[in-house]
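Some structures to go through are shown next.
Each of the next two complexes has chain A plus one more chain, namely chain B in the first and chain C in the second.
Right after this comes the complex of A and B.
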């Protein structure tokens, strides 16, 4: 009898492992092992023909942090994230509220908002490159009408990062709007009427009913925007290549540069590990703290 | 009726692209009255309620509440609360926060809010559930939360839009009585929309029966049942509804006293199923054949086929009757009502003491189109013999 029970238990356990295995294999192959390999690489010196790679401990990290570019690039990325995330969320929400209202040409408005999302980032960057072209671009053509001098938006350190930020917000807001639009359509119109009868105006309704009910969507969008603020660097290749003087260089672009332009893979690996660490901490914060405050239906 | 009405609709109309609207509705509701707007779906009852609430703006006409013209005022300025069919509870707020939502929006001090909450919670029997979210409540409890939210602010008017339609039948009956008791206790003026006539008959001080965007008749439940102004009212109320037959097909003896005998062609005679009795076929009785019989416990419904159509008789107790059996149907002539077939209006409106002066529809109280020949007849031919 006991043998039979053991047999059944083992069968169940095997069944469980079989169910888990596809995900386990894929994650190990494409997420876990590269992470470990990267970490391993970050602990070794750069190998050349004369001097093969050797274990160097935290040297790569020390070098990295000592590099003046590190502070610039991290600062750039913090500013980039700090502006693009809230800006694209707020604009997406505003557009969704507008596109959800009963307005004429609603389909056209929604389509217009969504168009940037459908473009590949490289194509969008090329369009904006034309907008930003000093003297000839759309922006200078418009400002020229008012007699303002042409500005090299992408070519000067003070404006380069902001020009990149504008492109990112323009690209992302439409995408996030779709999520807000979907969420708004699940909110019954009765709630607005009930709030109106109870004396809540448009602003009170938005603040006390609409926004709380949209919090799950906002959390989802926030995470997406956060990920994009680290991983979305396609447009940098077209617009600025991180310049001038590192003014618009973001972390991942820097990693790419170190690994494939300067062939310093260990330092790139060290930087990657740091990025993973920060993202991991944010994920923990999200699950532990934010999720408790959000009402999921 | 010396006091002016508390809520008054003056010729209120609303339409959307020409259909499914409300046409020139006049309505006067007294303070503390429980008025039910009743009618089939699409008759405009909900629209009428929403115009009182201020959730819709009428195309024409005025909405007057407590003597003030509120036509253009937002819902919050009208001093009313509303219970929605879906309850419209805020899913992210607890029961307590849902109930006090309006109070906190209006910045009522916390202390007052707590007192009002405690009172509303105990009145609606929600004690102990204050911390829950709506998703963790049963349908009946959610309904109570909606009710508590409606009474917590102490508004004199409460509008209810089919508040019981999402409850099961048993619960509905209990809540019906609770709502009525609550309304009496708090002295609220309630305007209640339903398509369920038992709800209307059971709860209302006055029923406003609507059809096609107009008020067919507005009166007390018993007056509505006993003295329907139109064939629509007669056939809408009552289950089974009033039986209508062409007047000329009926033996003369069964016509109500005072019927103009010379011109029966355009008239229908209406009899309540419970006023019909069955007997052996005879020349002085209306001839019919039994089609089917349903025994319902306290009563039996007998489905009949007459020469001109169908009829239903509602007889007490249990009957042994076979399908296909020829019968004679009979009723007290005074229990019958005559309607003009073309207009659906009741022929001759005898003066009745308990009709509300301004309660009628735009056309409800109009004079009968055909003058009765004999005025020496008893003032009305519907005797109050009905149960």
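Right after this comes the complex of A and C.
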């Protein structure tokens, strides 16, 4: 009997490991070992034909931080995150409340909100290019009606990043709406009636009842938006290429450029390690703080 | 008291009107860019951005179609999307099954390691992943584009949850009928999780149809490029292509997914919902 149990347990362990091994191998190849290799590369100098790559300690990090473009790019990304996250969350919430209200053509409205989510970022960028093109674009055509001069939205440092931010919010808000919509549908309608009986108006009901109930969803969306603020850079390739003069360059685009245009892999690796650290902190925050509150279901 | 009664009834109606108008305006604003691109793509070259009475034409589509190997791009995207999806289904099913139903040492630690991949995105590791793809001689291939996404932490997590909710009695019944552990997986768990597979498939196809940065890095020949990379080269301002033709190409590229979305809107939204809510 004892032997049978041991045999059974061993077999379970063997099958378990066999089943996860294909996924584990790919994860090792494309997530774990690259993470280690990135850290390793960040500690080595850039190799040239005459001088092979050698251990250089924290030099790459020191160079990176001393590079004036570092502060610019990190600052840009902070602004990008700081604007796109709250803006897309607020718009997503408004969309969800409306797409859940009893209005005519509700299905069409939902579809309209969600459509940008289905587009490749590259296509979205092409579409927005028509709006931003100086002199020709739609925005200039409209402002021109009021006698305003044409503006090179993508070509001047003050507006380039904002133009990129608008595209991101347009693309993201409908996606986040979906999660709010799902959460709203789980809220019993009696709550609204109870609130109405108590004399609570729309605004009070939304603020005091709906928003607290939607908090777990907001947290979930917040994490996703945070990750997206690192990841969503495809439109930069079309709209600005990070320019003018780094004004709209984001961290991941900088990494791509450093590695694949300037071939300075060690410096790109140093930046990647910093990004991974930030993402790791976000992960710890998610598992330690948010999951405790969300996982009660 | 009597005076407040009609007011109470009027207020919700004002609220409803506000909802309707607000929702419609926002919806209009949200589709306007896309509508404009479609409009511009149908206008004669040079008049794309004007609203003058110059009629409509399909010339832009003809010109755009002839200017790049779109058919190859389409085929590559289709292959990429199916390769990735099939790989994800197989690997995530096996791993999800292990995490849901097998007790093996190190399981919980391993699961946390896999979940970390939700944060350590393949996009961030482009430099070393590129080196890995080169080492495996998979540069400029469909496999090279898809492989880093196949062991999807998200897929493993979703399927583990789905398998866990399958009643153990079903598995026991299948075992009595003589099913082995793979038979149980195939006959009991996979059919039970069918909606999850559908939801995950929609999300995966939409994601990889639209993916750009990684395919850009690991492809260098027109024979292997997916649609997004082809479109980005086609639309680059340096290429000097007319704006009406770029919009025609853009509409062409997004049309298949967009039409699929319009037809299966409910399933798509449900799919994204199911995939997003744990």
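Here is the rule we go by: the second predicted complex is superposed on the first by the 259 of 297 C-alpha atoms of A that agree within 3 Å, B and C clash if a C-alpha of one lies under 4 Å from a C-alpha of the other, contacts with A are read in each partner's own complex, and residues count from 1 in each chain.
One rule holds for everything that comes next: a residue touches a chain if its C-beta (ideal position, glycine included) is under 8 Å from a C-beta of that chain, and two chains touch if they have at least 3 such contacts.
Since the model is a prediction, treat every value here as computed from it, not as a measurement.
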| item | value |
| --- | --- |
| Which of chain B and chain C A:170 touches, first, second, both or neither | second |
| Which of chain B and chain C A:212 touches, first, second, both or neither | first |
| Which of chain B and chain C A:198 touches, first, second, both or neither | first |
| First (chain B), second (chain C), both or neither touched by A:255 | second |
| Contacts of A:188 with chain B and chain C, given as first, second, both or neither | first |
| Which of chain B and chain C A:123 touches, first, second, both or neither | second |
| Partner touching more residues of chain A, whether chain B or chain C | C |
| Chain B versus chain C as contact partner of A:131, first or second or both or neither | second |
| Chain A partner contacts - residues on chain B that touch it in the complex | 53-55, 74-76, 80-82, 84, 86, 88-92, 101-102, 105-106, 133, 135, 149, 153 |
| Partner chain A, residues of chain C touching it in the complex | 15-16, 19-20, 22-24, 26-28, 30-31, 33-34, 36-37, 40, 48-49, 90-92, 94-95, 97-99, 102-105, 107, 110, 112-132, 136, 147-148, 150-151, 153, 156, 181, 206, 209-213, 216-217, 227-228, 231-232, 235-236, 243, 246-247, 249-250, 253-254, 257-258, 261-262, 265, 268-269, 272-273, 276-277 |
| Residues on chain A engaged by chain C in the complex (per definition of touch) | 9, 12-17, 19-20, 22-27, 29-35, 37-38, 41, 91, 94-95, 98-99, 101-105, 107-124, 126-131, 133, 136-138, 141, 170, 173-175, 178-179, 181-182, 202, 220, 227, 230-231, 233-234, 237-238, 252, 255-256, 259-260, 265, 268-269, 272, 275-276, 279-280, 282-283, 286-287 |
| Of chain A, residues touching chain B in the complex | 188, 190-191, 193-201, 204, 208-209, 212-213, 215, 295, 297 |
